[in-house]
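After this come two complexes, each holding subunit A, first together with subunit B and then together with subunit C.
Coming up: the complex of A and B.
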């Protein structure tokens, strides 16, 4: 039983990573219908900028963290204005391929600067380790899970209640109709992309705070989980991403604990295929009306 | 030709087969991003056939192509309820999942890859297979099924309304894509002497898209010339494994390729080679290039919105 609870606690921390990356991805997907493969790379960019500013330039942890998050937002803004806006919105393939190119570009550019190595990341703060009746956890993990809940619930409430959030949901539902009632769809899309990028950046810093390492190609592994969570939850659903992300983290942690690490990926993949066969719109998704 | 030039051409032609597979799947309107995985499956199957059963190369090519095509069909059937961008998402995940599974199966050599495969691939095998693939595709485009496939690729709803079965098109798209990617995989395995799980992973996928998008995604020729051209560009940036080309050293070449693809997609979304001959208008083109660099704000393709 102790082991079981321990696996659940570790799983929550892993799941938080999935949630933080997926909510931004799913938001952009919902608003723009854009499969942004470069999304998980923003997570990596934030950590490397943090590393560069905080450690190599000796500006300290706080400035480094701010720079990291700002860099993720900036790259997101550049991605939107310089790449996505320049492509015809109806060419789904071109949009996807452009983000694929951006992802390849970012990964290899960063990899060149760090000589294709995995780097150690300094912690944001000194983690304390607790030991309550044989259960181990650290302040880093608590902060990660806590911030994830705050960000995800905050985003979902913001989408539900604030004016911009309502506009965003309108654009997500039907871009053409939103345009007809004079919603500035481009502005809404820009807000969605930048917001998503900033959340990915925050996620990167919080996760690097518990794993203490980062690698330029980490996005390839994170992307897979991001897609799985987004598809199982139903693309566009922030609440769904929160539930499914945490759940997937815990299930994976239990699988690794009891069956071995080779089965870790199979769980997410299997869940995704089953959901697609039974309920293609996802567990929390709305059925799309065609025509 | 020096051995170096031969080996570069061989690799480029191997990749061109996978890119042709990507071409036909995309042309049928199926948004699949798993051709690296199909290539790897072909490579594993062909490699195992060569090592365990010592079959001749031609048989091992068939085994690899058949296995990859079979896998493609299974994927098409399993995913028949999803389409568009969601289909793309899922194929990425399946590719990554298969790659990680291969890395964990000790019978396939684990993460070290499956090695000891005889080095039978040479320029003749690669160009012969690529030629067969290209001619096959060009002929296939003229058949009834090929035309139906291109129609479905243009507009699924209209194609369906004139009685084309989308499921059939999808199965054929994945089958042919898997077949060509599998051929490429077998050649790759026999070229390197091994096939690794990392060959199957999503990290390799952008390469094929770069080939296809730069070459042009309207004809099989685009896949062929795109692969050869971009692969030579990449070799040029590497400059024979040593030294520098202009101001770039060899670690720069990947991000340059990424940038080349992004710029191509923005400036010429249909790729360099299209079904119509290239119309070259230097003045307009250079203004567009300035526009990409953010220096000139010209007519944009999406200004209707």
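Coming up: the complex of A and C.
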């Protein structure tokens, strides 16, 4: 039973990573109908910029963290104005290929800077490690999971209550109708992309704070899980991504613990296939409009 | 002034026109298909003008072109003397008050009734700041359609078709329209409901002096509330007359039965523009 609980605790931390990356992705996909494959890379960019500014340039942890999050937002903004905006929104495949290109470019650019090595990341703060009745956990993990809950619930409530959130939901449901009620759809999309990028950046820093390492291609693995969580939860559902992300993290952790790590990815992708067959709109998704 | 940027004051002074909307040689294409061909029409200020015709005649395409949401259209669209044909849809709404109540379910179904109305108010506030005069507040709208007050916290997807149509119309009114384009409000609704919605529309439009261009397949009811009407056939205007006159014209029935009106009427182009 102790093992089981320990796996659950570790799973919550992994799940938090999935949640923080997926809520931004699903927000952007929901609002713009755009598959931004490069989204998870912003998480990696934030960590490397943090590393560079905090450690190599000696600006310290706080400035480094701010720079890392700002860099994620900036790259997201550039991605929106220089790539996404130039492509016809109805051409999903073109979007997919273009953002995939951006993803490869970012990963290899960063890799070039660090000579294709996995880098050690300094912690954001000194973590304490607890050992309560044979269960191990750290303040880093607690902060990660807590922040994830706050960010996901906060985003969901913001979408529900704020004016901009309402406009975002309107654009998300029906872009044509949104234009008829004079919503500046481009502005709303830009806000969605930048917000999503910043959240991914925050996620990157919080996760690196527990793993204490990062490599330029870390996003490949995260991307795959991000798609799985978004699809299983239902694209556009932030609440769904929170539940499914944490759940997937825990399931994966249990799988690795009891069956071995070769089964880890099978679970997430298997769930994705089953959900696509049984409930294509996702567990928490709204039914897709036809026409 | 209905429109802050218009030269209406000057025009009234020289007595030029009671015309709010002036469309000249409008054509709409969808790829190789020409849906609307060389249509010219006028909509007088503060009245209801109807655009009737059979299914597929191009009525909705004209409204969508006026709202600025068709991929390709040519011709000039003047509202109160200002050419808006090159403006994006958003500018037409905010700066000129051209508001479309779209065909079918023109509401955000995943949002609540109140949120849908708030979206209208948001634009209405900006329009009022620019000097728009047709103003409505939530209270007035709730008085028009009390059911919307009751259903305030319900998602619009749980409303009946008629209630959704009431919601779409209400939201559009809250946007302070200078020109309201109403597309097939009767679509898919029970006859008694159509009657009720048309009664409310006709009252509120007259009372608040809203300028309306109404597209409707149900000719009978459209001609009851409109003062002037155009008959559209296969993308071309074949008749233009006061509603009372058009109602009695045999060519109206023929247009709906699908017989070529040119057999009876000769050259239709004489009637291309209402002569008022």
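Convention: the second predicted complex is superposed on the first by the 291 of 291 C-alpha atoms of A that agree within 3 Å, B and C clash if a C-alpha of one lies under 4 Å from a C-alpha of the other, contacts with A are read in each partner's own complex, and residues count from 1 in each chain.
Everything below uses one rule, namely that a contact is a pair of C-beta atoms (placed from the backbone, for glycine too) under 8 Å apart; a residue touches a chain by one contact, two chains touch by 3 or more.
Note that the structure is a prediction, hence the values are computed from the model and not measured.
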item	value
Partner chain(s) touched by A:112 [first = subunit B, second = subunit C, both, neither]	first
First (subunit B), second (subunit C), both or neither touched by A:227	first
A:182 touches, of subunit B and subunit C: first, second, both or neither?	second
Contacts of A:169 with subunit B and subunit C, given as first, second, both or neither	second
Comparison of subunit B and subunit C by subunit A residues contacted	B
Overlap of the subunit B and subunit C footprints on subunit A, listed as residue numbers	179
Subunit A contact footprint on subunit B (complex, rising order)	26, 31, 78-79, 81-82, 84-86, 88-90, 92-94, 96-97, 100-101, 104, 201-203, 205-206, 209-210, 213, 217, 251-252, 254-255, 257-259, 261-262, 265-266, 269, 291-292, 294, 300-302, 305
Interface residues, subunit A side, partner subunit C - complex	163, 166-167, 169-170, 173-174, 176-177, 179-184, 286
Residue ranges of subunit C in contact with subunit A within the complex	67, 69, 89-90, 93-94, 99-100, 102, 106-111, 115, 118-120, 122-123, 171, 175
Subunit A residues within the subunit B interface of the complex	29, 33, 35, 37, 82-83, 85-89, 91-94, 96-98, 100-109, 111-112, 115-116, 179, 185-186, 217, 220-221, 223-224, 227-228, 230-231, 235, 262, 265-266, 268-269, 272-273, 276-277, 280
